[in-house]
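Both of the next two complexes hold chain A, though its partner changes from chain B to chain C.
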Partner chain A sequence: MGFFKSKLKRFNRDNKQKRNGNSEHELRIDELLHRCKESADFVSYRYSESSPFYIHYYQTIVDINILHQYVLPYIKENESKTLFDLQQAIPIDNTEIIDNVHEIRDKLLTGCVVIEVKGSLQEALVISAVSLEKRPVSMPEVEYSVVGPKEAFVESIDANINLVRKRLPIPDLIVEEVKIGSLTKTRVAVIYIEGITDKENVNTILQRLNEIQFDQIVDSSFINQIISDNHNSPFPHLIDTERPDRVASVLSEGKITIIVDGSPHALTGPTTLVEFFSAFEDYFLSWHIASIFRLVRLFAVFFSVLSTSLYVAVLTYHYEMIPENLLNPLIASRSGIPFPPILEAIILELTIELLREAGARLPTKIGQTIGIVGGIVIGTAAVQAGLTSNVLLIIVALAALASFTTPVYQMGNTIRLIRFPFLITAQLWGLLGVTFCFSYILSHLLKMTSLGRPYLAPVYPLRLDDLRDSLFRLPFFMQTKRPLQVRSPVRTRFQPKKHEKSKRDIED
Partner chain B sequence: MNVKNYLCCSLIPILLAGCTPSPKVLEDIQLVQTIGYDYVNGEEFEGTAGSSNIPPGEQSLPVNEVFTATGKTSKRIRQKIQAESARPIVVGRVGLVIFNQELAENGIEIQIDSLQRNPSIGRKLLLVVSKEKAKDIIDSNYSQSDSVSQYLIDVVEQNLEQTIPKVNLHRFLVHYYSKDADPFLPLIEKQGKHLKVSGLGIFKDNKLVDTISFGDAYIFKILYEKFRRGQFEVELSGGEDVSLENLSSKPKIMVDKRNGKYTAAFKVKVSGRAMEGVDLDLTDKKTIERIEKAVEREITERAEKMVKRFQELNTDPLRIGEKARQRSDFNRKEWKEQYSQMEIKIEADVNAVQSGIIE
Partner chain C sequence: MFPLPKEDKKVSPYFVFYLIHAMQIGVGILGFERIIVQTAGYSAWIAILTSGASIIGLIWVSYRILNKGNNDIVAIHAEIMGKWIGGFFSFLFLLYFFAFALVVLRSYVEVLQVWVFPEVSEWIFVLIIIFLAYSYVTGGFRVVTGVSYLGILYGLPLLLVKFYPLQYADYGNLLPILNASPAELFKASKEMTLNFLGFETLFMFYPFIKDGPKSEKWAYFGVLFSIFIYLLTAFVTFVYFNQEQLKGTIWATLTLWKIVDLIIVERFEYIGISVWFFAILPNICIGLWCASRGMNRLFPVSQRSALRIFCLLLFFISVLLTNRQQIDLLQKAVSQIGLYTIYFYLPCLLVLQYIIMKVKKA
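Now for the complex of A and B:
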């Protein structure tokens, strides 16, 4: 059934392309040039009166030096009259004589110089002279790490693939490229290691990418949202990372990476929920430390999601639960406040969100001021004015702090969001409501898949082998197998040598 | 299918809207922390609720607030108290219930029943019998700066760990409803600016029949439950005082039935550290042996006396009956008949393990 479906789809696609081709077949080279000339940055001239060659290019995307040094002198010297002779003479590789106008158009628009002979109807010499603006490779800002590599992806797809390939110098590293976006024609590269990656995963991604009908793909997050398994889920389905080292690492685990031109973030998948809470820095630290940090982060997530709602639930319904010693300070801090706990909590949570939003939208230097204004001025003033209790202020501030510990920014946003349903149900039904909301989210997570693979693995379905690198990270010598999650055809990463208690010195 | 799901999800909150519990926001309720019951006459009794108001502010100290009312049932009393209070009264945090001795002698059935039926009252609730009026204990000032209720709870709780057998509402009810055991409660009294635990009140069914002293309560604890970190003092034959510290003890009750006659025996294993022997050479083995003997004799004598008294009153707070019931040939009628005359042996095995730091 599936086979027929895919056949049908391919058939449809081919048909569509043919149709498009037919409709545009009438386009002639002079028409194309005429249309291009409407842009101010399009240059089109005849080199000299005696020369038969017409030169056309967009001056904004062409490296003018290449034209001046390697093209124009040879047109001048060469007395030949044909494009073929000129192609032979020009010392640049990747020159082509193309007779398809559509191809010529595409090349022209991606930074090639087109040379045409007067009189030739559908033929042109295309010389690549691309000049693309890009910033140099810089430090990672979102996923900063103290130790380890300090490279981050940039907005150029070629530079990004370069960063990955230099870490995986094997011919099995396959880059498949598709163009998506009817206007942006964005280059999207799907990278995987042949033999290690499950072909089904690759096909899933390629199929989903090919089915995208969208006019603009500006960033990889567009792709992330469009190809996600469940569009209504607040949880991200693929990890976006700006670290080439992380990409190289997950590729060798058998996962797939999508790099989008113009985006400094690569997407990796299939992924699991726990992977969002593992920073790549974990692998640079010794395994005990990394494991503890991961557990701390997991605790922070729970704390961040549940703390304010528990405060509301306990203060509104479950006065019996409060520890004896906490009772007096709690009542003392609450008794002057004119709002019920839920309003107090929502006001404070919104204040923190406002501060965060304001800090994120403003330049860094002003952002710091916002932090001080918000944290110190608003916080203390609100308590002194008797608008909020200082206990809740501490809880909310800690919860906000805890939500920042999530290494993947997208997940941090999700955690910010799902606190609010908890708050509301806590007010409605107390602890029962919190439990209800938690079960709801848990069942959502249980049903969720990333590229068709279970999202809550290795906890559910329980995969003991995968647990070695999930909630905690065991030492490298125990990580002999690739995660079951990715269904790698070669599960063994390396042949485990018998672990030696003490390392040997050089024997003499 | 999906539409159905959405419909269900949106209907559930609407249908359950009436089921939401009524909010009790922490600062808008009057938390009662201690309850006291006093005797008025055969029908009515007086209830006192000890609570505290905490004024706003970071370093504010709780202000004691006491409500008193008289009535035939606790619910009626609660109603009357509610009429006096500015905020709704809730009993979910009651930690201590005080029964006046006079009331206890007349039976505490009504009060216990209302306590154990109330779902918002925890089973770790402490119950005590007081020599004075419960109202006077709750409505007074103590030297501690903490709230009065909290102070009372702390005093009783601390003593339950160290000096008197552990008892809370749950354990009390186990004894209370058991056909083969009788309950007991700690006895408290006020002494100047302090509250003092002064022994145990022994019940027969729901009535207080006897009180035992603080020292005997300790022997009671040794016979009743396993515990650690106790302290015991004894006078040797030569007149020297020695104390055993860090005492740990483990009792064992054995009930035997021969020819239709029940006999019971307590075997108590006590071990501790001999300390504070003023003129004694605690390194000497003979001295240690002498101490052990003396402690054994002391425990046995006092325990036998106490058990005899229980038998005379026909009450069984040490739950010997519960142990007898475990026998397959147990006959409750025979047991009840024989209990007050049966032979109960006490055997103490004392081991002084250490003698502290020497030289």
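Now for the complex of A and C:
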């Protein structure tokens, strides 16, 4: 008897649970629909009096043509009353019958039509009919290049992955997707080439992505900041690029790319400091020209960061350093100026920053006017009014110009920022102050890592192989190896053709 | 008891070149010429060679000790002499490393005060430099190696400006070539050795070198490069100054920078002294790193707190040394200690290690 009793009890309990589960299930799907109906764009109706099917969708994210052409006619024709039969009849792939309310909700919110049968609230047929607004692939604006491909990423993640996959038609190109953001549920894709990319790097990125606790991921720059190795660093850790060609090239080097839905910028890494000063156009030009351009850019960075602070340091403390022939023009331009060099420099630097900021916020056409007004009118007026010396004006303008040569915008911002500590230390301790500031930044850079890899490579740690494509770019036939920085398991990119020393004579 | 560092904290063997060279080129080079010339006249360049050769011999000794011990000096001391006596000697070594950083720091600040900012009180510069050194040392040995490597790279262009004094050179100054007695030369070599001090830090960072025994040749190259730099510097100074003039010039190399005459820069010494900071910084960083690392190995303190203590000490002692005499005294004391350490203690240690290893095995 006791045995039976316990069995009965268990039976009852199981039954109860089942029923409870069911009722919860029913409740939830009802609740879900109820909650959805609070939105004005949620549509929910029964196709006709005779039909058992209820149709639910958000009209704002569903392609109504798909519904009209491929769904409704088959509902009308279909005599059967089950979802399964309807699924068979509808000529759309990827339809699913789902009985999990959470999944149904997610599908509903990402642009699916949900069909349920009257009375049976356990399951629903989910038909994908997404219609997402996206702009067509356009020209790159931030990383414009004169020669080379002219397509740039857009906001849609699928379009972006399409642009990358088109350039790398190999099955080894792996896309791993995660959803991040408790509110935005942003799709984030991690792309790499299996076999070429170090698994450890991939795991580092995936682990950091999965650890993100944030409500909104609106752009890839959010990810860039959140997963960076050192949150207090003004230097960017990953390169953001809008060029699919750059991404394809970087992927085949063994690096990893992150593409975020809603962002026209992909992130690539691990990266090094010198990479921020290489434009992708360098690869389109012959290697001598590209190398010279890179060196010019590097010089521009140093000039942009140091020139005003050196001016302040020399004129405040070490005026003995100025040679006689330079002294005359300097005195002529500085005599009668009421401010010490530091104030002069800060005023002008701030003016340039103002111009830049104003130009960036305004529409392009007005922005140009601002540039002209600011550059010519304010500059000339300031000199004529005797507020600043025109030597400094030249230096500041050149420094600003030089800072624009940085190909990666994020790095350009950093360079804008780090001149100010240099200015202040130059005022405090002259040339020594500049040295102190420089060595502090150096200590920061030495400690910095990008995805755990040293940021200052290939300069430190010295990697001679990687130097071939860093400060300068040697010809392609010498770039036989992938950078050591990415720890690729397959270091050789291609087998170089044996260069036969031609023994032919001149006229042969 | 004395675990070896993790593999990802280590640096490649060739960095020993930079580490040793960076330690040997410090403040000394700005004014070593006068000291060796006072005893041996213009034959003193031979002293550079002889003392350099002796340093190479000592590096050979060091590597024999280290390769056998395969750990740093603290562990080797403990193995040979036991916990207490060995620990005591290790502690002395740490103090020496600390004093080395102190001497370099204080001498450089003195140069700053004399040549660039006579009106700024020394504690400001001491504070800033210690702060910078702290920020490097907290990055670990890899960062410290990085600063020695980059410091040398930044300092190298300064060799180019040696060209300017050569325009006014009088090569006859060097004749006759050998104009000093062996005793004088010996004394000058001894003085010269002080400039080569600093390679002893090898005893602390040896475990941080990937495949330590392989780094031996790089250590020799480092010393050879130092010898070359000292010889070149001495040569340029000797042909520019005459002997009597040089005896009255405290910072001969610095004075020579005044000769440099570029199109856009006069008074090159301001730039020179600023750039020279990158040669000074590695000395302080390596010294502090060795001292703090040793504290961590000897006592149950974290390296970070040991470093903080040493930084505080460094600051207070540097500020307390106010005049030339005190700095000179400190320099002499540290270099005497260093001298006896490398010439007497290291060979003794080698023999002792050999005997004790034999006994232990038997």
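We take it that the second predicted complex is superposed on the first by the 472 of 508 C-alpha atoms of A that agree within 3 Å, B and C clash if a C-alpha of one lies under 4 Å from a C-alpha of the other, contacts with A are read in each partner's own complex, and residues count from 1 in each chain.
By our rule, a contact is a pair of C-beta atoms (placed from the backbone, for glycine too) under 8 Å apart; a residue touches a chain by one contact, two chains touch by 3 or more.
Nothing here was measured: the structure is a model prediction, and the numbers come from that model.
By the document's definition of touching, neither partner reaches A:258: not chain B, not chain C. When both complexes are overlaid on chain A, the residue A:430 reaches chain B and chain C alike.
By the document's definition of touching, both partners, chain B and chain C, reach A:320.
When both complexes are overlaid on chain A, the residue A:335 reaches chain B alone and has no touch with chain C.
Shared-chain residue A:456: touches chain C; no touch with chain B. Of the two partner chains placed by superposition, only chain C is touched by A:447; chain B is not. Comparing which residues of chain A touch chain B with which touch chain C, the overlap comprises 317, 320, 322, 324, 429-430.
Only residues 315-317, 319-320, 322, 324, 327-328, 330-337, 340-341, 386, 390, 428-430 of chain A touch chain B when the two sit together in their complex.
Residue ranges on chain A touching chain C, taken from their complex, read 317-318, 320-324, 326, 429-432, 434-436, 439-440, 442-444, 446-447, 454, 456, 459-462.
Partner chain A is touched in their complex by these residues of chain C: 11-12, 112, 116-117, 120, 125, 128-129, 132, 135-136, 138-139, 142-143, 146-147, 149-150, 262-267, 270-271, 273-275, 277-278, 281.
Residues 13, 20-21, 23-27, 29, 31, 54-58, 60, 62, 90, 92-93, 95, 120, 122, 147, 150 of chain B are the ones that touch chain A when the two sit in their complex.
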